[in-house]
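Before anything else, here's the structure in question.
Think of it as A, B and C in the order they're written, each chain with its own count starting at 1.
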Amino acid sequence: MLNMEQHRGSAVRTPINGVPVQKRSKSYRLSYGSCLGAASRFGFTPTLTARRFSTTRRVSKLHNVKEKINADQLALLVKMEWKLSYVTPLYQFRHTKLKSYSRQLSVFITAEKQQGLAVDVDRVQNSYRVSFSLVHGMAGTDDAETVLIQVHSKHMFAKKDEPQKLIWSGWLTCMNGNSDYLGSLPKDFICLPLFGSSGPEDLTSLVQSWFKQNFDCCIGPLEISHTSLQWLAALWTNCHNEDNIQHLKLIWSLPVAPPLQITYTVDPQDAWDLWGSVRKGSGAEKVREEEEPGKIIDIDEVMSFMQGLNSHFYKHFRLDLSSGSLKEVATSLGSAKYNGKIKISNSKYMITTLTLLTEGALLKMPI
Amino acid sequence: MDDFGRRLLQRLVRRTPAQALKATLGKWERLTVAQRQSVDFTQPKVAVMEQLVAIFEENGWTVKHITELEMINYMENANRGMWHAFQMTDPKDDANAVEMMQFKEQFKSHLSELVRHVSVKIKKHTDEALWIRIAWGDSYSPPNHLKPTYVVHHLQTPYVFVTSLNSKQKPFLVQALILSTGYQGIKDANLSGQKLTAIRDLLMKQYQQIFPSKYNSPLTEKNETVSNPHIEREQSEHASKRLQMACEAFGDGIVPQLQTAVYKLETKFRGDANTNRTMTKREGPFRCLVKFASTNLLESFRECASSGIASTPVSPLLSSITLKGRNYFVVTENGLPSSQT
Amino acid sequence: MEGASSKGVLSHLSHLEVVTRSRKCEAQQPGRVAELKAKAAALVKQRDQLKAQIQIQQNLQKLRKSMNKHSNEEEEEMDEDSENSQLLRLMARHSHLRDLLDAHHLIGGYDVIKTSQGKGMCVSLATAYEGVYLDTYNLELDLKPKLRIRRHNIPPFIPLNQLAEQSNMEANIKPFLHLLSQHLNAFAGRKQQLKLVKENHKSIEVMESNVLCSILVLMLTVPRQKTAVLCTLDYTDQTRCLPTNARFESEDKELLNSPDWKKHCSLLKDTPLHKALTTMKTIGSIM
């Protein structure tokens, strides 16, 4: 409801692009959920289930991601912790116009920052430089290409010859988005539902309001749900035989006063063994499966994995973790927090993680 | 005042909130009332600092006097840094008869025999605790007053609380303590925390413990009255039983404010034997580290147990915190209480 | 004029002085009267309170007696006003139960209850000094597989484990409880004495004490000469609340050799501290 109102608000405020209001509201009805809902009418899945997460996941192995993606861009993606937001489809966003967007956003930020500042205008105008760039080699078949945004700035009183520093970065991506949904979007809409940002929050909100004004979209905070965190715990543990995950760390919070935080750190080998024991089929079958390009992981396996961890914990402390909520999952491959912060430390598993998060973003979008 | 004295004083002023600083100066007997009143604590720290420097220089006070002030300050604001508890073992017959003057003399002389350059100050707090400030040096360097170790000990008890002690200094402190208290050994008590008061109260049993009683415990009266007696009588009975057990395990009323407890588990996997046969039959331990954290851990645990998030009777692992006065445990297959399996 | 001058100015002045002085006295008188009246009123009030207390005590005694004779019969005599009599009855019952409890403790009984379906027990040890109940300590014990202390709230300066070993607790718990109770009661007694000294003898400074209250150094002052006397009390036997050793230190050696102060030394060893100090004060040895 709140998001709908936000949308209405932005529609009133942005008459610049001259899109009729009717058209916009139509676009909203055509959200992810309703699209899958439509599918249900053909008798595939009931709407309710469709609104949930995928129950199985293919672990794609993009070892060559390093070769495909520009090294600097990849280094940036892997270096930072990103704060996530969801973005509704962008109206009339063109990947070909990135240069002009860079200029526009620079002007916008400078103008906004200038408000209330009684300083030398020239200096302020020079102090923000925005660059939009494409990240090639990440997108799946139906996905729009990922866009990277960087804001450089010079300190207000910096010397003339001092180089500008990167002070904010963000990206918009769609990783293996649901093809039914993507296909159902009208031509003028580009779907890049996952937005990550890293840098001062005032800049994040400036960039977001620029997007809202220019592409008539809604942007809101994206939490990483309990289920997503459990998925990540399993997906990362699943990688242990290729890349040592060092540890599997789960942070729970229990709703008592004062709140109780429990950090449960499992030895990587033991976590891997437990994961192996809950995978369906025996070890021998798994080897054969290994030869297939994609390995399927079922949500039941994820749940039994978590169940196993929880019951080992319960047998010792007689404390029921499921009465609390999972707040954070971390391995050496990355960390994810309930409040929507993610760090992907190993590029090899970036695609899998982003796919999961894209799905979360699509689900979070208002109907 | 030399540069070093200035630095030491500056650090003290910077680290202490204005009000606490005022209280500290109030407790320091060297200042005259006029001097004390002349310091204006509402002004910025830099200015307070300059005023204090002026007073110190006027009186010819040196590092020695600053450390005095620092000690008073620490005694009044003890909940800083990380405190570790040690427990002395094997008391000799005269351990209970050691008195303060004797301890003071012995400790100082033993420590200066062990360490070439060392500065020791001992002061008694109002709660009978002895506070010891040690600035360490070695054969080549004078005592470093910027990194003093603080030790708190109640005579006649086996416990010693220590903060900012490095592993190089530890053997010397241990030796001096043993020699001057009449004990023969010392061990890590596996209890640490930011609040000295919390670890002290836990070990000295200075908090309200609840014991099983014949009579209806007053605890049950605290429970809210039940609106529907027929349906909920049984439930409220369960609830009051849970509360009783929670308080027996974690204390009643205001409990020592511990902030963490850590368990290193090296036990066999204990999941559900039906769904996880492979794992439960597996050889070798399932290694994990569990850390509980809260602003008041015992209070959180008490509520877990009384609300049913934790099953009662409380797990021996959790009740060991108060029972044994520890917050770090290594649990192996042998060490696990039998009721766990 | 002349007559006055002949008798002298001085005598006239002194006459005037006498007159003014007597006037001042007259003026002071009413203030003094009011003071005395207030004192009288306070004393009357105190007397009435004491009378009332005696009345209550007598009633209680009566009630207690009749309670002992026929515990179930209703009392008919007390009908002054029902609220008071009910309260009195409760008080009588309370004092009766307390006497029973005292008797129970006196004959060596302990408050023990079974816990965890007979696998353990919980003992509570009450401490008292001069008829005043002080802290109660608890011990939770496991009975199986062997007798073992599970949990307690006894402060660490009471050597619990040592006492358990010393009295062979595993074989028989009673001697252990007796010994522990002795330690706890002695500690409570020493602590209470120190508290009373601090409360009632403000002129005496406590120079040193410890958590166990086993060492006590007091600063006493001799009136007139204001000589300081340091009094050190050693409570080496921790099952007692009287010191094993008492000694004085002062610059005035002669004073300490006087028979009075020799007596004080033995007085301190035989009498509770706060009482001994009161005696020394009344004799005039100390302030």
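Just so it is clear, a residue touches a chain if its C-beta (ideal position, glycine included) is under 8 Å from a C-beta of that chain, and two chains touch if they have at least 3 such contacts.
Just so we're clear, the structure is a prediction, and the values are computed from it rather than from any experiment.
Within the contact network of the assembly, the step distance from chain A to chain C comes to 2.
In this assembly, A is the chain whose CA centroid lies farthest from the centroid of chain B. Of all chains shown, B has the CA centroid lying nearest to the centroid of every protein CA atom. A count of contacting C-beta pairs for A-B and for B-C identifies A-B as the more extensively joined pair.
Between chain A and chain C the centroid-to-centroid distance comes to 73 Å (mean Cα coordinates, whole Å). Separation between the centroids of chain A and chain B, computed from CA atoms only, is 43 Å.
Centroid to centroid, with C-alpha atoms defining each point, chain B and chain C lie 35 Å apart. For chain C, the set of residues touching two or more other chains is empty.
Against chain C, the residues of chain B that register as touching in their complex are 91, 96-97, 99-101, 128, 154-159, 203-206, 209, 211-214, 323.
Interface residues of chain B facing chain A in the complex, by the touch rule stated above, are 263, 265, 267, 269-272, 275-276, 278-279, 282, 285-297, 299-301, 303-304, 307, 309-312, 314-315, 317-318, 331, 340. On the side of chain C, the complex with chain B involves touching residues 113, 115, 122, 124, 138, 140, 150-157, 159, 162, 208-212, 214-215, 234, 236, 238.
Across the complex, chain B is touched by residues 254-267, 270, 273-274, 276-278, 304, 307-308, 311-313, 315-320, 323-324 of chain A.
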